[in-house]
Every structure is written in C-alpha cells, then in structure tokens.
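Sending over a structure as structure tokens; questions will come in a sec.
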Amino acid sequence: MYTVACIAILITMILAIIRALAGPSVYDRVLAVNMFGTKTVLLLSVVAFLYGRPDFLDLALAYALINFISVLAVLQFFENKPTDGDRASEEIR
Amino acid sequence: MTIILGIFLLTLLVIVAIGIVQAEDLFTGVMLTGIFSLLMAANFFVLDAADVALTEAAVGAGISTVLLLGGLALMPGRERRPRKMHWLALGVVTLTTMMVVYATFEKPRLGDPQAPVHQHVAPWYLEMTPELIDIPNVVTAVLGSFRGYDTLGEVIVVFTAGIGVLFLLGLPGAVGERRPEELAAGRSYLGHHLIPQVLGTLLIPFILLFALYVQFHGEYGPGGGFQAGAIFAAGMVLYSLIAGEREALMIITPRTLMILMAGGALLFGGVGVLTMLLGGGFLDYNVLAQNPVTGQQWGILIIELGVGLTVTGVLLAIYHAFAARGR
Amino acid sequence: MTDLLSWLLLLTGSGFVLTGGIGLLRMPTLYARLHAASLTDTLGTLLILLGIIVQAGFTLAAIKLIAIALFLLLTGPTASYALANAALLSGAVPKARLLDDL
Amino acid sequence: MEILGLFNYWVFAVLLMVGFYAVIAKPNMIKKLLGLSIFQGAVFLLYITMDKVEGGTAPIIQSGVTDAIYSNPLPQVLILTAIVVGISTTALGLALVVRIYEAYGTVEEDETQRLDLEE
C-alpha cells in the first residue's frame, strides 16, 4: 500500500528535478526546489511507516517546519537585488 | 525494495550534482544545492542513519541555502565564461573515477554484516551502551561519552570557523552604534509582506520549541545538540527575515552571540575539567554522580547543551555577519 | 474498513501529487506552473498524510503526522506566495495582464 | 544483484570526482565552493554507506525488542558532527570569497591572478 504512494512520490520527484534543471527562469527552479521539499517530507513519512519505525517522523517534522525559510530568503534576495541586467534577459516565457 | 529505493535516490543525486557544476547562473547552482541536500537526507534515512539525516535536514533546509544566498547577494550572480569544458581536468577526473570504481570491487557489499567495519568497536558500543549509560540512542551515547574528545574537537572547529568568519566580515555592532538613517536605508526584511509575517510569527514559537525537543530528546530518539543548534538558528533566521535584522539583533545581541559561541565550548570543556577535579579522567562522567550511570547521563545532557549553544551562536553570528555586509 | 479508507486516501493523494508533477513540467508559463504545483501540492500532501494517519490509529505517530500536515498546510501556500511575489518584483508580468495592456 | 551492493560506492566515486572537477576546472570561486560541498557530500555518503547492516535499523534501542539488528553507530557519529563542521567551513570559504570580491571586484580566479601580476 505504501509502495504505491512511494512510487508516485518518486516519479513526481523526477519531474521536479527535470523542471529544476530545465528552468527556464530562476523562479521555476525555486518552485521545483520547494515542491521537491514537500515531496521529501512525504517520502520520509511514508518510508518511516514502510520500515515500521514511526518514531523517525521527527525528521519529516523538521523539514515541514523549516523548509520554507529558504523560499522566504529567495524573496528577500530579490528585494535587495531588484533587476540586474543578466536576469531580466531570461524572464518569463 | 530498500535497495531499489536507494539506487533511485542515488542516481538522482548524481544528476543533480552534475547540474550544479554545469549551471551557468550561480543562483541556479545554489537552488540545486537545496535539492542535493534533500536527496542526501533521504539517502541517509534509507541507509538507517536517522540522526545524520536529521542533521542534514536541519542544516540543509534552514541554514545553508540562506547563507549561500547571503553571500551571493554581495557579488555578481553569473559565471563569466559559462560552459567551457576543461579537457585536461575532465581527463584526470575520468581516470580517477575509474580507478576508484576499480578499487570498490574489493569492498564488502552494502549491508554485509561480516564487513570489517562492523567487527571492531561498534558491537562493543551497541552491547555496552545499555549497561554503562542506559540511554536508548547509541549514537548520542557514542557522541557524548565514548567519543567525547572527538566531539569536543569538532565543537572547537565550529567555534574557530565562526571566529574566522567574524574576523573576515565583522559582526554588526551593537544596535546603538549604527546611525538610524543607515538602518532605515537597508530595507532588508519582509515586514511589508503581510502573509509571511503573520505566518512566521505563528511558526517561530513552534520551531524554537521543536529545537528544544530535539535538544533534550536526543537521548531517546534522533536528535542532540548539533541538530537542535541548527534548528534554533533557523528559527532566529526566520525571525530576522520577517522582522528585520535590527529587531533580531535586539533579541539576541551581538554580545549574546559571542557569549553563546564561547560559552558552549567552555561548558563542554568545563565538564571535562570538573570531572578531573572530582578525581576522574578528562570527560569521564562516571564521577559526576553517586551512580556512574546517572553520572554518564548528566554528563551527556550537559555537553549536548554546550554543543547546542555553540552551534546556535556560530550559525547565527555567521548569518548576521553576511547580512550586515549586504547593507 | 480502515484499510479501504486508507487505500482510497493514499491513491487519490498519489494521483494529485502526480498531477502536480506533470503540471509543473507541462504548463506553458511560470504562473501557470506555480498554480498547478502549489494547489495539488497542498491537497495531495494532505490526502497522503491522512491516509497514513488512518493506518497509524491514535498514537504519538498520528499526532506527529497531524502536526506535519498542519505545518505543511500553512507553509506551502506561504512559500508559493513568496515565490510569486519575488517573480513579480523582478519584473515578470503574467501574460494575461500583458494582453490587457495592449 | 550481488554487484548492485557496490552501487553506493560507485556513486561515491562519481560524486567525488564531479565535485573535484568543479574545484579544479571552474574559475568561479563560488562554483568551486559548491563543488567542494559536493565533494564533502560524497565523503558523507561513503561513511554512511558503511554503517548499513542488512535487515538492520537505526541504532536507537527499542525497549522490549531483543533480537533487533542495529546499524553501526560510529560512522554516524563522525558524519553527524562533520555536517555541521562542513557548513561552518563553507561559510568561512564564502566569507573569504566576499572579501576577495571586495578587494578585486571579481571572483574569477584567472582575473584575480592577472590583477595580481599587473601590480
């Protein structure tokens, strides 16, 4: 039962990695990283039950709590460094 | 199942690593490092290393991306000459890879219980921990007690790296030393974004509480000072992002940061000196209480606290040093 | 009965997660991808976690799972907001608005 | 199937060399740092691979279970501390790069060398 969920999550992980590598804009990559983070939380929860040691859920909890900090840091990064010429050229398609 | 899951995650790891190296935009590289860290943590978890996975999670999710972005904000975001292959380097690297792969054929297979690494001290640790220290988490027992010298050394290294960063970049002065207009000019926080602000204010107590749980639950489950320090620092970094650095530095002042950094390492070393004064060896916790087992537990609790303090102090001081440089 | 419910939740959750992944890859513009990824992310995650909670019964693990679901429910949309805002800040205008301006 | 037991070590070798390639071939210092952290990650992977025991579980002793097999705690201890040390030293390297950028106006290695020669 968990295996099905596990496989779905793993396939989604591949899709997210393809998007992160392909871009085209930097925001696509951040989006992919964020999505990958949620999928990791799910994978860890599912695998913890698959292995029958649910006390390792702390790990998923840690990710659920602090993974979005990096996205906020990205927002701040772009506030401080508005548009530099390089990035404007590869804007959104 | 486990082996297929492992192979899958490891293959993704290699793809992402090549992606990092080939990325033209450094920002992309940093973002891919985030995925690399997530994959690493998942791999550690699959390989039965829950403590290590928690450390990677705490450091990779909360701290390392923020630090790298903080550094990247101070310089141009692109490599000057993208995608030029360096044929000599590529040749050397390919040759070395093949040699290392050839050498692995001598290695014991994954999970082989007869491997030499499982024959040395590890069985002794696993067997004696319930008797000598009586805490469930053997990793914490080895970290705190059996290999306490090692851990003290690592804490000193972390401390030294923190000092080094402060030497190079300088810690932001106390809040009063900066002119008000200087502070107002750097709008380096997300105060005007209502949603992150409200949510962050809601979550920070939980993050800090979770850090304390990880700190003091480390003897019973995955956790300990290193993980807790990183999570606590991540919580304070979040506060600094949503409320502004100035506010964050008012709560944990630069002076407090210094005290945390040095105090944790001193606490660790102090326990060692105390045990010597009580007639034991350096970091021999048996003498801390009437009952040697209780003494061991006390010793581990205190030194883990020292580790947590130093790691929190160092990571926060590094973050503030980079952030203050940007203004 | 419990097994059936948990199967159902896990399967629908997996379906949503996969849909989100495909949307992330196949949608034509950034904001469309953001839309596809963030919505399914939250729902699929919740369903899968609920499926595990049903299996776990009333234990400490279930409470941790509820906490994880709650935190993900809060942080996921916030991250999407921050990301969309960062994109907008650096001058990436959604396509529909560009058409309006013409 | 037996040979797949070595897959982790092969990934270790490839990751190690991917990181090493970035360090020696890329002129950009931030890229070198990222390569260094990949290199670090490879070493972590090697150690953690060695801790795995077939049919085992993480070395947290479950009360009431007597016949459980536990993975090796020693590599875990070494790597757990090394991860935190790794991020501190990466930050130290990043601080050096920031100072180099402030002094030279570039973080490309060949350009800083040229500027040095011109003085």
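In order of appearance the chains are A, B, C and D, and numbering begins at 1 in each one.
Please note the rule applied: a contact is a pair of C-beta atoms (placed from the backbone, for glycine too) under 8 Å apart; a residue touches a chain by one contact, two chains touch by 3 or more.
Just so it is clear, the structure is predicted and the values come from calculations on it, not from any experiment.
Counted as hops between touching chains, the shortest connection from chain C to chain D is 2.
Looking at A-C alongside B-C, one finds more C-beta pairs in contact between the chains of A-C. Inter-chain spacing, taken between the CA centroids of chain B and chain D, is 13 Å.
Spacing of chain B relative to chain C, judged by their CA centroids, is 28 angstrom. Measuring from the averaged C-alpha position of chain A to that of chain D gives a distance of 21 Å. The multi-chain contact residues of chain B, meaning those touching 2 or more other chains, are 50, 72, 76, 190, 193, 196, 203, 206, 221-222. Multi-chain contact residues of chain C, defined as those touching 2 or more other chains: 71, 75, 78, 82, 85. Multi-chain contact residues of chain D (touching two or more other chains) are listed as 57-58, 60. A list of each chain pair in contact follows: A-B, A-C, A-D, B-C, B-D.
The touching residues of chain B, when paired with chain A in their complex, are 1, 5, 8, 12, 15-16, 19, 25, 27-28, 31-32, 34-35, 38-39, 41-42, 45-46, 50, 53-54, 57-58, 61-62, 65-66, 69-70, 72-73, 76-78, 187-190, 193, 196, 200, 203, 206-207, 210, 214, 217, 221-223, 227, 231, 234-235, 237-238, 241-242, 326.
On the chain D side of its complex with chain A, the touching residues are 57-58, 60.
Here chain D touches chain B in the complex through residues 2, 4-22, 24-28, 30-31, 34-35, 37-38, 41, 44-45, 48-63, 69-85, 87-92, 94-99, 101, 106-108, 111, going by the rule given at the top. By the touch rule above, chain A contacts chain B in their complex via residues 3, 6, 10, 13-14, 16-17, 20-21, 23, 26, 29-30, 32-33, 36-37, 40, 43-44, 47, 50, 53, 55-56, 58-59, 61-63, 65-67, 69-70, 72-77, 79-81, 84, 86-87.
Those residues of chain A whose C-beta lies close enough to touch chain D in the complex are 51, 53, 55-56.
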